[in-house]
Amino acid sequence: MKTSVYRKSHFNSAHRLHNPLLSDQENESIFGKCNRPNYHGHNYELIVKVTGEIDPISGYVIDMKILADLIKDHIEEKFDHRNLNLDTEEFATLNPTAENIARVIYDILRPKIDKKFDLGIRLYETERNFVEYPG
Amino acid sequence: MKTSVYRKSHFNSAHRLHNPLLSDQENESIFGKCNRPNYHGHNYELIVKVTGEIDPISGYVIDMKILADLIKDHIEEKFDHRNLNLDTEEFATLNPTAENIARVIYDILRPKIDKKFDLGIRLYETERNFVEYPG
Amino acid sequence: MKTSVYRKSHFNSAHRLHNPLLSDQENESIFGKCNRPNYHGHNYELIVKVTGEIDPISGYVIDMKILADLIKDHIEEKFDHRNLNLDTEEFATLNPTAENIARVIYDILRPKIDKKFDLGIRLYETERNFVEYPG
Amino acid sequence: MKTSVYRKSHFNSAHRLHNPLLSDQENESIFGKCNRPNYHGHNYELIVKVTGEIDPISGYVIDMKILADLIKDHIEEKFDHRNLNLDTEEFATLNPTAENIARVIYDILRPKIDKKFDLGIRLYETERNFVEYPG
Amino acid sequence: MKTSVYRKSHFNSAHRLHNPLLSDQENESIFGKCNRPNYHGHNYELIVKVTGEIDPISGYVIDMKILADLIKDHIEEKFDHRNLNLDTEEFATLNPTAENIARVIYDILRPKIDKKFDLGIRLYETERNFVEYPG
Amino acid sequence: MKTSVYRKSHFNSAHRLHNPLLSDQENESIFGKCNRPNYHGHNYELIVKVTGEIDPISGYVIDMKILADLIKDHIEEKFDHRNLNLDTEEFATLNPTAENIARVIYDILRPKIDKKFDLGIRLYETERNFVEYPG
C-alpha cells in the first residue's frame, strides 16, 4: 500500500473574476462582488499531496524540504504578493477561480515531480471555500 | 480529470441518542451520556463536496453562491437552533448519530444537485469526532 | 512580573435562552431562534486563566494537572452532555447566555483556587461568539 | 466586575502599502513585496470586543445580533471584496497597514456603540500577523 | 454506500531521524536538523478513519468510545511522552519518520479492528507536514 | 491610545521536566510523565506582542520583517530542533516548563527591542496548555 505526504504553504494575492468574452452584465451576474473592477484578495492556503512508496533508506516518500522548495520556487515566488490577473501569464486570459488556480498549480508542479508519484492539489480560497484537483 | 469544490457551513442543534426499540438499560449501555433524557448539543460543522468538470465559461465547477444557498435553505433552516429529535421529521424515529445526520443531509441535497456531479458530505460533531458519507 | 497559565477544555450542552419574567413575544424579540422551546446546543470551549508567580521549585505557576482536574470535576461533570436549563441548578432560573455561563464558571472555580492567584474565564459558544469574565 | 463579548467576522480585500510622500526606493525599502504596484490581498479576520455590565433582563452585555449587524453594515459592506487603496475614502491617503485598518475600524464603530461600553479591535491580516487597537 | 468515521487524538514525543546504515555525513545530508543527536519533538495529531456500514440498531459505524479506547491503550500509552527512538521497540531500528509512524500505527490497530472495516491513518507531525497511510 | 502587533512563529523541541534538587520520587510526583528520562517533545507556538505608537511614516508599530528576523535569529535558531535540557545553556539548570521558556524568551528579546515598546510573550506548549509572560 502507498503512503501520501502533504505539505502546506500559502500565498497572498489579489484577483478579480472576469471573463472578457462575456458582457459586463453577464460578468456581474455570474461573479457578483468577485467581479468588482479594482480587485480584492485572499490568503490562499495550498496543500500539495504526493503519493508513493516509502523509500527504505530514508523512510520518506519524498524529501519534504525538496517538496517545500519546489512549492516556494515555482508557486509562492510566482503568486505571492501578486495580482493574479495582472502580474501572471497564467491568468492573463484564464479566469483565476479557485478551480483554475488549483489546476494551474498542478500543471506547474506535475513535470517537476517524478512520474512514479501521484500528485494532488488542495487550495483554500477562504476557510469556507476550497477546491481539490484532481477531485 | 475532475475537480472537487467544498463549501463549509454550520448549525447548532440539540440531540439525544436513543433507540426506542431498545430497553433503557441497553440504550444507556450503548449510548452512555449521549442518551441522557434532556438532550445535549453540538456546533455541527458541515462540509459539502461537489465533484465535476470545470465549466469553461465561468471557471466554476458549480456556483458557490448557489451551493451555499442550497445548504442554507435546506439544511441550516431545518436543523439550526433546533432539537433534532423533537423538531425534525427526519429524526422523529431515526437515531441522530453523526453517521445518520450525514446520510440524511446527503439524501436531502442529492436530488437538488445536478446528476452530473458527485456529492459528498463531511460532518463534524466535535473537533475530535467526524464522519463522511459516502465513506 | 507575573505569569499567566491557560488550560483549554470543552463541554457539549443543550440550552435555550428564555427569561420567564418576560412575555413570549418579548422573549422571541430579544432571543430570536435562541428562544425556541425545544432547545439547541453548542460545543462550548472553555479556557481557564490563572495568573501568579512562578514557583521556583516546580517552575509552574500552578500544576496543570490539578487545574485540569478541577475543571473536569466541577465544570465538565456538571455541564457536559447536559441540558443547562433543565439539568443544572445554576441555570434553573438564570438565563444561560454565554455571559452568565462564564460568570457561573468563575463563581464555581474561584473558591477552589488559592486566593494568591487571579482567575479569568474565556468561553467560546461558537467560533464566532465568545466572552470573557472578568472582561 | 465587567464582562467582554467578542464577535468574529471577515472581509476579503486587495491592498498595497505605499506612502506617496516617500520615494519609490524608500517605499520598496520599507514595504518590500507589500509595495508591489498591482496590489495583493488578504482574508482579513476581525474580532470586535465590547466590554460592559451584563444586563439583568437579557443576560447579554450587548445583543450579538445588533453587534453583528453593525459590523456587517459599516465594515464588511465597506471593505469586503474591495481594493482598500482605490475603493475606500478611508485609505485614499492613509496607508492600509493592519495597524491603520484596525484604527479606522475602531473610529467607525466607536460612535455607533453606546459610550458605557469599552471597545476593542483585533485584526488578523494573516494567521501569523495580527494587531490590536487599543493595544 | 459506506460511511467513514474519524477520531482525532494526540501524543507528544521526542524523536530523531537517523539511519544507522548510513554515514554521519549521509545522515546529516538527508535528514538535516532532524538528525541532531539529542532529539527534538512534536505534538503529533492522529486521525484514525474507520469505514463500513452503519449498524441499524446503534446508528454507529463503530462505537467511538471503543475506538477512542483502542487508540488510547495501544497508541497513546506507547508513544505519548516517550522518546520514539529510545523508548519503543517499534522504532528501535526503524527510522521514526512521519511515514513510518503512520504505518506502524496502522499495523498496531489493524488486527484490533474487525476485518469488515477499512482502516486509514492520518498523522500530523506539524500543522504544515502530515501523512496518510494508506495513501 | 497605543496599538499592539503580534507575530506568530514556532519551534519543535525535546524537553524533560526535572529539578535536580529534588529526589527522583519527588520529581515523578510533581512532573509525572513529563519527567520521563528520555525526553518527549512539542511543537511550540510562539506569539510575540509588541505595543507602541503607530509610526506616521510607515503606518507600522514596528516592521514585522525586523521582528520576524529577531525571533528567527535569537529564538528559533536556538531552540528549534533542539533538546532544551541538553542543547541550550538557558535550560542547563533551569527547568524548561512553559512558564520558564516564556520568561527566557522574554529575557532574550527584551534588550533587542526598543525600550519605547512594551513586550509580551505567549507560548503554546500544546493547543490545550499555554502561558503568557508578563501575565
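Letters are used for the chains, namely A, B, C, D, E and F, taken in the order the chains are written, and counting of residues starts over at 1 for each.
Here, a contact is a pair of C-beta atoms (placed from the backbone, for glycine too) under 8 Å apart; a residue touches a chain by one contact, two chains touch by 3 or more.
Not measured: the values here are computed from a predicted model.
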{"item": "Of all other chains, the one whose Cα centre sits farthest from subunit C", "value": "A"}
{"item": "Over-half contact-pair match to C-D, picked out of the listed pairs A-D, E-F or B-E", "value": "B-E"}
{"item": "Inter-chain centre distance, subunit B versus subunit C - centres from mean C-alpha coordinates, in Å", "value": "28"}
{"item": "Centroid distance [mean C-alpha coordinates] between subunit C and subunit A, Å", "value": "41"}
{"item": "Cα-centroid distance, subunit C relative to subunit E, in whole angstrom", "value": "34"}
{"item": "Per-residue multi-chain contacts in subunit D, two or more chains", "value": "127"}
{"item": "Pairs of chains in contact (touch as defined earlier), listed by label", "value": "A-B, A-D, A-E, B-C, B-E, C-D, C-F, D-F, E-F"}
{"item": "Subunit D-touching residues of subunit C, taken from the complex the two chains share", "value": "17, 19, 21-22, 30-32, 94-100, 102-103, 127-135"}
{"item": "Subunit D-touching residues of subunit A, taken from the complex the two chains share", "value": "10, 12-15, 33-34, 36, 38-43, 80-83, 86-87, 126-127"}
{"item": "Touch list for subunit A against partner subunit E, complex", "value": "1-9, 51-52, 54, 57-61, 63-65"}
